[in-house]
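Chains: A, B, C, D, E, F, G and H, in written order; residue numbering restarts at 1 for each.
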Amino acid sequence: MTETAIRELLERVAAGKTTASAAMRDLRELPFADLGFVKIDNHRSLRRGVPEVVFGEGKTAAQIIAIGKRVASSNLIVTRLDAKKAAIVKKGLHGMTYYPEARIGAAIKGMPPLTGHGEVMIISAGTSDIPVAEEAALCAEFFGNRVTRLYDVGVAGIHRLTANLETVRRASVLIVVAGMEGALPSVVAGLLDKPVVAVPTSVGYGTALGGITALFGMLNSCASGITVVNIDNGFGAALAATLINRVGLARDGA
Amino acid sequence: MTETAIRELLERVAAGKTTASAAMRDLRELPFADLGFVKIDNHRSLRRGVPEVVFGEGKTAAQIIAIGKRVASSNLIVTRLDAKKAAIVKKGLHGMTYYPEARIGAAIKGMPPLTGHGEVMIISAGTSDIPVAEEAALCAEFFGNRVTRLYDVGVAGIHRLTANLETVRRASVLIVVAGMEGALPSVVAGLLDKPVVAVPTSVGYGTALGGITALFGMLNSCASGITVVNIDNGFGAALAATLINRVGLARDGA
Amino acid sequence: MTETAIRELLERVAAGKTTASAAMRDLRELPFADLGFVKIDNHRSLRRGVPEVVFGEGKTAAQIIAIGKRVASSNLIVTRLDAKKAAIVKKGLHGMTYYPEARIGAAIKGMPPLTGHGEVMIISAGTSDIPVAEEAALCAEFFGNRVTRLYDVGVAGIHRLTANLETVRRASVLIVVAGMEGALPSVVAGLLDKPVVAVPTSVGYGTALGGITALFGMLNSCASGITVVNIDNGFGAALAATLINRVGLARDGA
Amino acid sequence: MTETAIRELLERVAAGKTTASAAMRDLRELPFADLGFVKIDNHRSLRRGVPEVVFGEGKTAAQIIAIGKRVASSNLIVTRLDAKKAAIVKKGLHGMTYYPEARIGAAIKGMPPLTGHGEVMIISAGTSDIPVAEEAALCAEFFGNRVTRLYDVGVAGIHRLTANLETVRRASVLIVVAGMEGALPSVVAGLLDKPVVAVPTSVGYGTALGGITALFGMLNSCASGITVVNIDNGFGAALAATLINRVGLARDGA
Amino acid sequence: MTETAIRELLERVAAGKTTASAAMRDLRELPFADLGFVKIDNHRSLRRGVPEVVFGEGKTAAQIIAIGKRVASSNLIVTRLDAKKAAIVKKGLHGMTYYPEARIGAAIKGMPPLTGHGEVMIISAGTSDIPVAEEAALCAEFFGNRVTRLYDVGVAGIHRLTANLETVRRASVLIVVAGMEGALPSVVAGLLDKPVVAVPTSVGYGTALGGITALFGMLNSCASGITVVNIDNGFGAALAATLINRVGLARDGA
Amino acid sequence: MTETAIRELLERVAAGKTTASAAMRDLRELPFADLGFVKIDNHRSLRRGVPEVVFGEGKTAAQIIAIGKRVASSNLIVTRLDAKKAAIVKKGLHGMTYYPEARIGAAIKGMPPLTGHGEVMIISAGTSDIPVAEEAALCAEFFGNRVTRLYDVGVAGIHRLTANLETVRRASVLIVVAGMEGALPSVVAGLLDKPVVAVPTSVGYGTALGGITALFGMLNSCASGITVVNIDNGFGAALAATLINRVGLARDGA
Amino acid sequence: MTETAIRELLERVAAGKTTASAAMRDLRELPFADLGFVKIDNHRSLRRGVPEVVFGEGKTAAQIIAIGKRVASSNLIVTRLDAKKAAIVKKGLHGMTYYPEARIGAAIKGMPPLTGHGEVMIISAGTSDIPVAEEAALCAEFFGNRVTRLYDVGVAGIHRLTANLETVRRASVLIVVAGMEGALPSVVAGLLDKPVVAVPTSVGYGTALGGITALFGMLNSCASGITVVNIDNGFGAALAATLINRVGLARDGA
Amino acid sequence: MTETAIRELLERVAAGKTTASAAMRDLRELPFADLGFVKIDNHRSLRRGVPEVVFGEGKTAAQIIAIGKRVASSNLIVTRLDAKKAAIVKKGLHGMTYYPEARIGAAIKGMPPLTGHGEVMIISAGTSDIPVAEEAALCAEFFGNRVTRLYDVGVAGIHRLTANLETVRRASVLIVVAGMEGALPSVVAGLLDKPVVAVPTSVGYGTALGGITALFGMLNSCASGITVVNIDNGFGAALAATLINRVGLARDGA
């Protein structure tokens, strides 16, 4: 195990098979990289070839550019980036594309290879939920998933859900985005036996409480098997769906 | 599948093998029982051989016995069942075993075959979180998963987490149960690239707000990839983990 | 009506049939008792032959008996009456029947004639919601409605809803009782064009928040046309449904 | 009805008038389009001749125009539409009139015939509640009701309520709009035996909590018979009142 | 008084001096206008010579001018009136003075005579609380009280409170305005045996919760005898203080 | 007064009548005991002859007896004292009478002389509000006020309010006690120009939120002039009403 | 630094100055004990000779005994231990003393030496706050501090605070315990320039919200310099005060 | 000290060196200015040479200039001062420097001498937390502490924390600033035995609730010894840390 690894390393040093310097270099990695030091290298395998993700809200364009330059060698996604800030950031970070609907700026030097068991499907309820759904969809694509979108499946459009039932059932994981009462994840989870990651949105007014009602409704869904992320957190849902889509796959071949 | 069933029915009518009336009677059932009508037959494939789950809290022993008899042919799990009520229910439902730590009563006529990519690991923070963790663990076992437990991984016991890192990393999915500030899922998610289903518990006092603080802390975790279920909902976490553990597996061979 | 009464009084004064003093005494009463002074004689026409309703919770058996004796001449319903208190009250108030499931004690000297356009249907989600549903059902009956019950229409029983669609559609008004995420009223309202009075219940745990989540979910339902009453308020829903069921009917012939 | 349709289809198959394949195609549509599949065709009869309703807030002018063009054949109401957005939308959707006080844009090709037992009366408390009251009033008119308005019935104007008591009592249903403490629905419900749909508004400050206090006050009203919709939801109240106003009327003749 | 009026009316009918019809018309008005019908003529005696008060927030300048013209004969106070709107209103309502610190516009045709037992003292904690304190002070003056101000009695200025203890103790009623933790009313109430009307303000950040913390702190003050009004409600405090200052005074001589 | 005391002390020092040391000892006491040091001697004049008030809830019988003996020379009121604890306390504190409806234990050696401009009237809404109303009533009596009670003025009993309007109007101050939506204080304040101290109670269920809804409703009352105390705080209302009832009266002759 | 330490260790192994086994033992300690692995050995120096602290609430007597036996070699404190459970635990854990007022069970094999700059003073407001204050006081003593108590410094007892001002000022750190409005920490912090750790308690009713109001009041105190711990968390305050009392002292000599 | 001053004054009176009148005048000032009267002279010793601190938010530039001129002789810090207002204030207050990142304006006539046992270290989690961290850092410097900064220690940067562990451990007190789930203070407190003052920030979205979630997470931290200040309150943390850093130091030599 880890202790075994360290012991072997020490024995190799004692046996003169490795130098203290080389062992130091290994150990230096070990405590942080392998001992599981908290958060030190979060989502290691994901990061091989996938973008750094920066939360753009509450950061100035200058700060985002500075961070962007620091991670210049890898891909970069900036979420919650409004159009105005994006215009400035684009000038400072070459190669960045802005996706206004998803409020995402992305500098992708090469899309990661497709991984996972199957498709990640993004389903959203209303027109106003699309920004969050698109944040999830784009991130899931940048993380190496095959992504299908099924938007506007609200009161006027649920026939699009039922009309696409075969496609829906083919997906490996579903991200369901909804505001107001947040009932759509229950409907979807009732139609199939797949993991459903629910994303409450802040869409609504009055007792919608900025998404708290949708969140609590989803947590109390009688269609068990649903799990939930923070309000408007499309990125987090994409990351969770990516991990779910890779369950049981060898890490290297992933 | 369902459509196939309907098509066959229609062909039997066309072929004169069944009457329109009889088909009508079947169809009348069909659309609701098999077409995936909302919530009508939630978690179909799961149910093949797995227990019915009844939420015991707020139901009288008599009500639980009545429900139990109705589903007598399949396995039955009663969650949130206190010892006193369990004693009565056991008299009315033969073959029921009571698990006091998990507050579960179960009448299992035969364990389902093991399915899924790998192990579901249940990690819990404190001694007081064990009832919820055990609810998750037992349910996950009854749903056909190989389950590993790692309890009491709080301040005094986190070495048990690091000492078992290899085992932890071998799991396919992790259910992490914690109250108070609810930080444990972040720690675990920081150690690996696996789906983490976080279960906030109502353990704590004052500003713990009966689990709301743990829930909100988990939803705001900077270790993305975590998804969350309702406070104390061990059963829901087990069901979600089961679905995640089966991602990409053929339904029938699952 | 009231104005007629006053006009008649004035004419009797003008005609010398009554003195100004006597009229004054009458009028002193009139403005408050008959002119519709706020809350003074709430639901007048309903009360012709229908019970007084007393909220039993937080009142001692002795207080309930005292109130019961004061309204001895008319019918009496005591809601939220637990079995223990009911046993005492029954001794003090002759002719009272106790309905344990609805937690209602009722001394009905004669059922009111059936009124309204059609049936009031009570639909409930889970076994734990039945006490609230029965409070609504019994009250609606005591208020002179034809009542149909459709209980236990949750995950395992929604086929009972769809199997009874014709009956459901025949109802004039629907009272839909549900806890947890409170999604059932949306489902019902989506099936027909009838007024739906939704009753959130305190059934659930964690983020169910004692019924607040169900309430807020119902208020945010995308199936518009739903109106809502207080948590667990079966009686209030029955009264609202009664008024709705009588819309457009002549008051006297009602 | 729907069942009749299916039965006829089956009989046509049995009679060889249609093939199993064609029937399959029809049936595939049927369950979702006509069986009352959840939310699929919400408020069918209402929609005959009445407008589509789009919630304008949180949608861009472009999105609203796109939706408007999709439903071009029927009438269209856009609620929560501010003046600025309205100006753009009007250019994209011909025939739209903007009602600034109600914040409604409407493209009505022909008013629906008047239906219902009687008048829907809209009563509001203060000057600041008028936008919500007008949203309710206009929607109720567009839905085919005869509508009466009684505004500004607060501290300084309650004589307008009492002075119009006969008119008030003549109404079939009342929509009462109030912010702050939300007491007006209680006052109105105390004056008559008619269904009262209460609309809390976000008018007020401090402990008004954006309408939550008015909402909770209305839900706790001792003048039972009141039902409530979401904060500022004039449209929802209009829809509920329309359904109530049509109780017991034949659907086709409605 | 009112009863006297009715009695006289009845006697005039009995004496044939008026017809039943005419009396009916008068009576129809009477019960609502003079019998003290709820809210109908709130604060009658106060109004003799004192201003109408209009809440300016959420009303357009046009609406305020319209209301102002309707009550043109009496004095007028508009509270929560920002400078921009005030500039417009002043053009429409002649004789209006704007008090920017109190955010009050007032058209006072003649100050009411001084009434009450003694002075109303307004004490405020911080610089940011002054707008609310000035709203209270100006209103109290317009309502006919002798008013003393003692502002900025926070951390740096409490010596102003103690240095003016004699003056403070001379006051009949005290209005104490404070945000943040809202402790000042406790301090003041601890210094004397006079009624203290506490006004929580929305001053503060974070857990100040827009004044809720100050409000709840005041309600839980261990210095009993304090009563509280809504957050930022300087006007309400002034009205309450006016009524308190007149306790026991003959109504007419008030 | 206090300053006078200090001045006299200084003059006695200057005159050699006391030493600097003795003066120091006196002064050391003075600033805290007499200068009105925060809360040091709260409600001085009230206390002349009126009871000490102890909050009984959360204290053991032994603690209450100990406190009671410490203040043995003066009158004593223990509020929130349940019957069981009262039985024990009565044995330890001679001369104590227990008032079960008000949950008050009182050892009164002599009632204080009647003071104040007039009567303090206690009005309550429902039967369940009586404990709080009685706490207010008894305390107000023990504090030297003439007290009138008008209970059970809810839906079924508001005629008792209007029938007693003359008496109600004669009161100097009104304490209005109500739970649920808390509308009664508005009704009462609308009927007269007297200070109204509103007491929200924890009576109610669901969205009554343990009295928060009543409290917030009262704070948002459009019948201005109402002030509010903490939920269920009958004692606090009595103390505030006592201070209001004495406004403008000479302290010594009070 | 740490890396230096590891490098030196490795070099000692390479140089044969230490064996791999010994180095392993050292390293095994290092990553967890010195690299700062999260929570692994929280409060190391404190623990030298000071008790293990177990939170007793929500644990069964059996669980507490089991934990107690596991840490048998060191001192043990069990907080939140009710008398009934304590009686059982005492039988299972020899040498345990129960402190009923503090609800603490302690098995102390030897008090730690006194450390810190000076005294930790515990000040509490009311009689009902004593259990929390005593939890803080006992814990502080068991952690090696000199502790002074000053209880019951509320309305009736603040002279005890001022009369002991010299003693209060002598303290190094102050723990101030208060419920209700939580104003006492402000008063104390206003009197001196010492760190004040404020402990809100759940004492109070209504808007005290189980301690949230006291907590938020303390966080908004205008007497800056106050820091706060969780509601009723006497133990946490004692631990914080201990760390503060040792600031700048050499760890070993501490 | 203060008592000494009073004693000397009394002796001067006794000795005839001053008159009773003059002494009265002095004393009148004394009790409030020097006796530590609540909040009157908060943080006396701190203020010797350290700035006055003004909360800039909610104050106009004119008000800030006026306050600034009043305290012209001493140093001045204005917190929460946005750039726009700062530009105006700088013109009115000569010698003021604006620190945009910390949103602080400071007119420092001479830095106070360094005091305290050691360094105050400011650690912050994310880029968005820097304004609050800088407010704490600058204030701590202006209050006479040696300050070290360690920013951006989040997911991507925790190696900066571990890489600087020696420095971190050298600090006397730590101020840890974090938003979202607020877990960083737990991590830091787990690494050492020093007082940690945690500052929750309003950084985050959805269930971050403007900092409430971070605050409650910190209060429930299982790493005891943490104390907390209000959301975004960098200044308050600096003041608390200053007091902690001086524990046990002689006041005059401080």
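Methods note: contacts are C-beta pairs under 8 Å (C-beta built on N, C-alpha and C of every residue); 3 or more make two chains touch, one makes a residue touch a chain.
Note that the structure is predicted; figures quoted are calculated from it, not measured.
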For this session: Identify the chains in contact with subunit F as well as subunit G, in label order.
Result: E, H
For this session: Please pick, from F-G, A-G or A-H, the pair whose interface repeats that of C-E, with more than half of the contact pairs identical by residue number.
Result: A-G
Problem set entry | Type of subunit D:subunit E copy interface by residue overlap (half), same or different | different
Exercise. What rotation angle superposes the Cα atoms of subunit A onto subunit H, in degrees to the nearest 5?
Worked result: 90
Exercise. Once you find the CA centre of subunit A and the CA centre of subunit F, what distance in Å lies between them?
Worked result: 59
Problem set entry | Intercentroid distance (Cα basis), subunit B paired with subunit A, Å | 24
Seminar exercise, completed: Whole-angstrom distance, CA centroid of subunit E to CA centroid of subunit H, is 39
Seminar exercise, completed: Distance in whole angstrom between the CA centres of subunit B and subunit H is 50
For this session: Check each residue of subunit E and list the ones that touch at least two other chains.
Result: 31, 37-40, 42, 154-155, 162, 186-187, 206-208, 215, 219-220, 222-223, 230-231, 233
Seminar exercise, completed: Chains touch one another in the pairs A-B, A-C, A-D, A-G, A-H, B-C, B-D, B-G, B-H, C-D, C-E, C-F, D-E, D-F, E-F, E-G, E-H, F-G, F-H, G-H
Exercise. Quick one: in the complex, what on subunit H touches subunit A?
Worked result: 127-128, 154-156, 158-159, 162, 187, 203, 205-208
Exercise. Which of the residues in subunit F come into contact with subunit H in the complex?
Worked result: 3, 6-7, 10-11, 13-14, 16, 19-20, 23-24, 27-28, 31, 35, 37-38
Problem set entry | Residue numbers on subunit F that touch subunit G, as the complex places them | 32-33, 37-40, 42, 52, 55, 57-59, 63, 67, 200, 202, 210-212, 215, 230-233
Exercise. Quick one: in the complex, what on subunit D touches subunit F?
Worked result: 125, 154-155, 180-183, 186, 204, 206-209, 213-223
Seminar exercise, completed: Listed in rising order, the residues of subunit C that touch subunit D in the complex are 3, 36, 38-40, 42-46, 53, 116-118, 162, 165-166, 172-173, 186-187, 189-195, 197, 215, 219-220, 222-231, 233, 235-237, 239-240, 242-248, 251
